[in-house]
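Multiple structures are listed underneath, in structure tokens.
Heads up, the next two complexes both have chain A, just with different partners, chain B and then chain C.
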Partner chain A sequence: MTDREIISLINDSLIEEFELEESAMAPEAEIFADLGLDSLDIVDMVVVLESALKIKIRDDAGLREIRTLGDIHRFVIAKLGAPAAE
Partner chain B sequence: MRYDYVVIGAGVSGISSALLLARFGRRVAILEQAARPAPLIGGFERDGVYYDGGFHYAGGLEKGGVLDCNLRLLGLAGELSRLELAKSGYDTVIQPESSFTFSFPQGYAALQTALSHKFPAQSAIIADYLEDLRAATRKLPYYHEAAPLSSLNLAEIHGQSLKQVLDKSGFAGDLRNLLEVHGLLYGARPEEIPFAIHAGVVDGYYRSAATFKGGGRALVKTLVKALDRSGVDLFCRHQVSEIVLSPAGKIAGVNCADGRCLQASGCIATLHPQAMLKLLPDTVLRPVYRRRLNGLAETPSADIVFMRCELKRGSAPGVRGELERGSTSGLCGARRGRGGLVKPAGEKACRRHKFAGRNFFFLPPRGEVLLDFKLPQDKRLLYLNFSAANATEICGLTAILPALSGVDEKTGGSDAYAERKAYIGELVRQRIANLLPEIGAKLTVAGVATGKTLKRINLSPKGSLYGVKHKVGQFNPVPKTRLENFFLAGQAIAAPGVLGAITSALMTVGEIVGHEKIQALRHEVICDDE
Partner chain C sequence: MRRRVVITGTGAISPFGPGVAALISGLIENRSAVVKLDELAGYEGLRTRLAAPVAGVDGREIARNKRRSMSRQSIFAVLAAREALAQAGLPAANFSSGSYGVAVGTTISSLKTCENFFADHLQDKSFLRMKTSLFFKTMNHSAAANVAQYFGFNGRLLAPAAACATGCQALGYAYEMILSGAQEAMVCGGTEEFHPLSAATFDLMNAASFRYNDNPKQASRPFDSNRDGVVCGEGAGILVLEEKTAAEKRGAEIRAEIVGFATLTETGSIAEPSRQAMRKCMNAALVNAGVAAEDIDYVNAHATATEKGDIAEAQALAGIFADRAPVSSLKGHLGHTLAASGGLETIATLEMLRRGELWPTRNLDEIDSECVGPDIFTGIKRGNFKLALKNNFALGGVNCCLVIKSGRPGKQE
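On to the complex of A and B.
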């Protein structure tokens, strides 16, 4: 998968599962302030990303650093690029 | 009348939530669909014998123990009499094939000694394991003072499973079965259950195993009396069919199936999370959240056979040496128990069934998975509880034979169902007669419950023992939801069991009034954890 494909897969999943507006999906959009998610949604966001991309990120400390949609993109791309944890 | 909070469901979690909210000045009503409060744990009486339903025994009822402390928090200090189960063996595990037998004695120290005695080569790993178990409970909210208070944090949930912990130390064979057998109390397999949750359930029992004088029925009575004192309105036969929202999307109240309605500005739902979803318009909670809740794995169901068992104290020869030793101690009057909440039970001389207050776990054949509910019924794990509640020579015996949840759906019309119940009753009676010959001739089946019964009692959608499972990798819901002033409590949130249900109420009301306030209350009622 190219980075662009990954990004659009992430965006599409989030749009569908969280009923977000496509026009709001700018990389600089803050997930809480702009996309309207709240801390309760983080668990579901993790579940959505894991199942859309077949990765496991729930234990990842990097999750806590995420502020914007672009952070999610970079986080997932890095995760997919990194050698799979055993 | 407009309430601050309406609580859906008068189970242990609902009543506990209401009591706590009332304590913090909220005006509360509870709506319960059944004809009586806490239908799951109230038990029933037949021909003068009391049978426990969804409550047989609990751990942590000793003074300062976690359940003792939580009951005090609810304002129940001194109202229930604690009956400690048999001192030298409350839970007897028997492997019928090999005659392996072990009885769990009261208290960690005695347990460690007994296990090390039986498995001398493993005594070092036994000691370490029991220490790990105690340590794991220190991370559970409202279990230990130092634990994080908000919600179960992810690392705990997705930490190690019981299996991983047992594998690491190299436990195997009979010893391993002993450490896994209490999985029946939460309905998940060792590879599924997070070690922290396992610890939260068994730690209390390992400290001390007890019940209340009068059984689950006495607990319900006490809870209801407390509701009354607290000014909480309890409405039974009120099945909530809809949570009503204002045009602005805020909680406005609830509607019941029979058209009655009740106004409230907040709501705690304690019913099964999947049943909860049906009470709200689809647009309120996110699709992804609803999908997650609908996808939660369910605990197993069970066939439950209630039997009357009449036996004079000490009248019959022992089944096995070990069994006999464990059978007579401490139960009568329970005066020797470390008295918790809970005044010790009366001094009256009592005639008591010699097995009263004892439990048996009959294991499946060697090599079979302990909690494999697909095994044929005569091979599956069988749990027996001889109720401590009847202070006579007649004992209400409950036999629980776990089953996959949802199997009863397939049972056809009422004749076929009655036939199946009769078949199960007889099968279990015979199995017990073979396993415990001394009581075999004294058993009469008084009633049979199935998954269908469980489903009817508390409207749990799948008729399972403990509702939603707690499982590594599965995110169960937390108390808070996206909908303002709408919270969840119940066994799905914290853990199964009476302790889990009360814990969920503390977590939930903590979200509402502030965890620090609950913590302060905790200090007030003086709960020393160690």
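On to the complex of A and C.
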């Protein structure tokens, strides 16, 4: 998968799970303040991303550093060791 | 001075649709909400194809972050509570006072939520795909907790579970909490979501209707000689109860007063209805209300259209009232909405008292000879009705009765 495909898959998964507006999915959007998620949602977000992308991230320390949607994109791309964006 | 407890708000999600108005219209028009569900044909060993499901409810009107912890039955409860609270006009500023509580029960946890989880989980016994919402949707007090969380009630939280008597018990326990001074107002009632397991449970015990599978509007025939059992329904019936003086002080419309309550357990059998226990419970409710049998103007029966239950209740009623008190069951219209039945049928009873009009039992064409005795009437009765007895009886040996006094102007003491 390309970075763009990964980002698209992440965004689609989060839009579906958390009933988000596509227009809200800007990389700089803050997960709590802008997307309206809370700590319970973060737990479910991990489940959703693990399932959608076939990865294991629950125990990764890097999860705690995530603040924005762009942080999620970068975190998952790094986890997958994906190639650079086309 | 003894405190008194009044009803100031009602909210319903019924097989006739969302809202009290839909419930009342369906009953006044003498309609049946029972339908044939073809999907029930897909279950081996299930004979009934009948249900009284709710249509027209869209849970998405509840914000996602509130709805994530709600099963279908919690959504029903929240929407019915919203209607009841709007009608009552309880001051929102008091919700967090600790004096306003919630008593909302369900027969059982959300079966659909459990089914969905285990259908996935049992493929590989993995918990990796489990979401946090699973527990919040399936905990035994989920509906009550969701109502409290949604509206911000900080007082007592109670989630009675007594199968078909759940709603009636919730109202009774809420009444007692206000009577004791522990709470000033309670949002209370029961909620139920339909699942084939509920129908199968009655079917297994030969207590679910299936002879009318191709004629659903004729199914659910309380007291009728051709009845063949329960039709399971769903919905929520929620009421707002308040201490009378406080309700009057804020100018609330008093819809009715709960004046008596009794609940007791029969231990001879976990499944068999007991005429003696029903009679004892009704008498206890009358004593609690300080009224005599002759004072009761109407009995809203539990009568679910099972062979044994209807006979036991009719005979218990005859033993107390002879043929003096008019009796009807609303399950011919609504099916048996289980945990929701206490609230929904109480709301309908209030409306009958308010209108001075008693609605008969739908599908009662020929009374069972063993149900003869009480005045199980077949046409609309009109008059000045002041006091009603509401019965609900349940598997598990639970018996529950409320005595309700009309809130119509000029009928207060």
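Keep in mind that, in the parts below, the second predicted complex is superposed on the first by the 81 of 86 C-alpha atoms of A that agree within 3 Å, B and C clash if a C-alpha of one lies under 4 Å from a C-alpha of the other, contacts with A are read in each partner's own complex, and residues count from 1 in each chain.
Keep this in mind: contacts are C-beta pairs under 8 Å (C-beta built on N, C-alpha and C of every residue); 3 or more make two chains touch, one makes a residue touch a chain.
Since the model is a prediction, treat every value here as computed from it, not as a measurement.
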Fit-or-clash call for chain B and chain C when the two complexes are aligned on chain A: clash
Touched partner set for A:Glu19, first chain B, second chain C, both or neither: both
Touched partner set for A:Ser51, first chain B, second chain C, both or neither: second
Chain B versus chain C as contact partner of A:Asp38, first or second or both or neither: both
Which of chain B and chain C A:Asp59 touches, first, second, both or neither: first
Chain B and chain C contact sites that coincide on chain A, given as residue numbers: 18-19, 38, 40-41, 43-44, 47
In the complex, chain A residues that touch chain C: 18-19, 36, 38, 40-41, 43-44, 47, 50-51
Chain B - residues contacting chain A, complex: 154-155, 158, 286-289, 291-292, 475, 478, 480-482
Touching residues (chain side chain C, partner chain A) in the complex: 64-65, 68, 128-133
Residues of chain A touching chain B in the complex: 16-19, 38, 40-41, 43-44, 47-48, 58-59
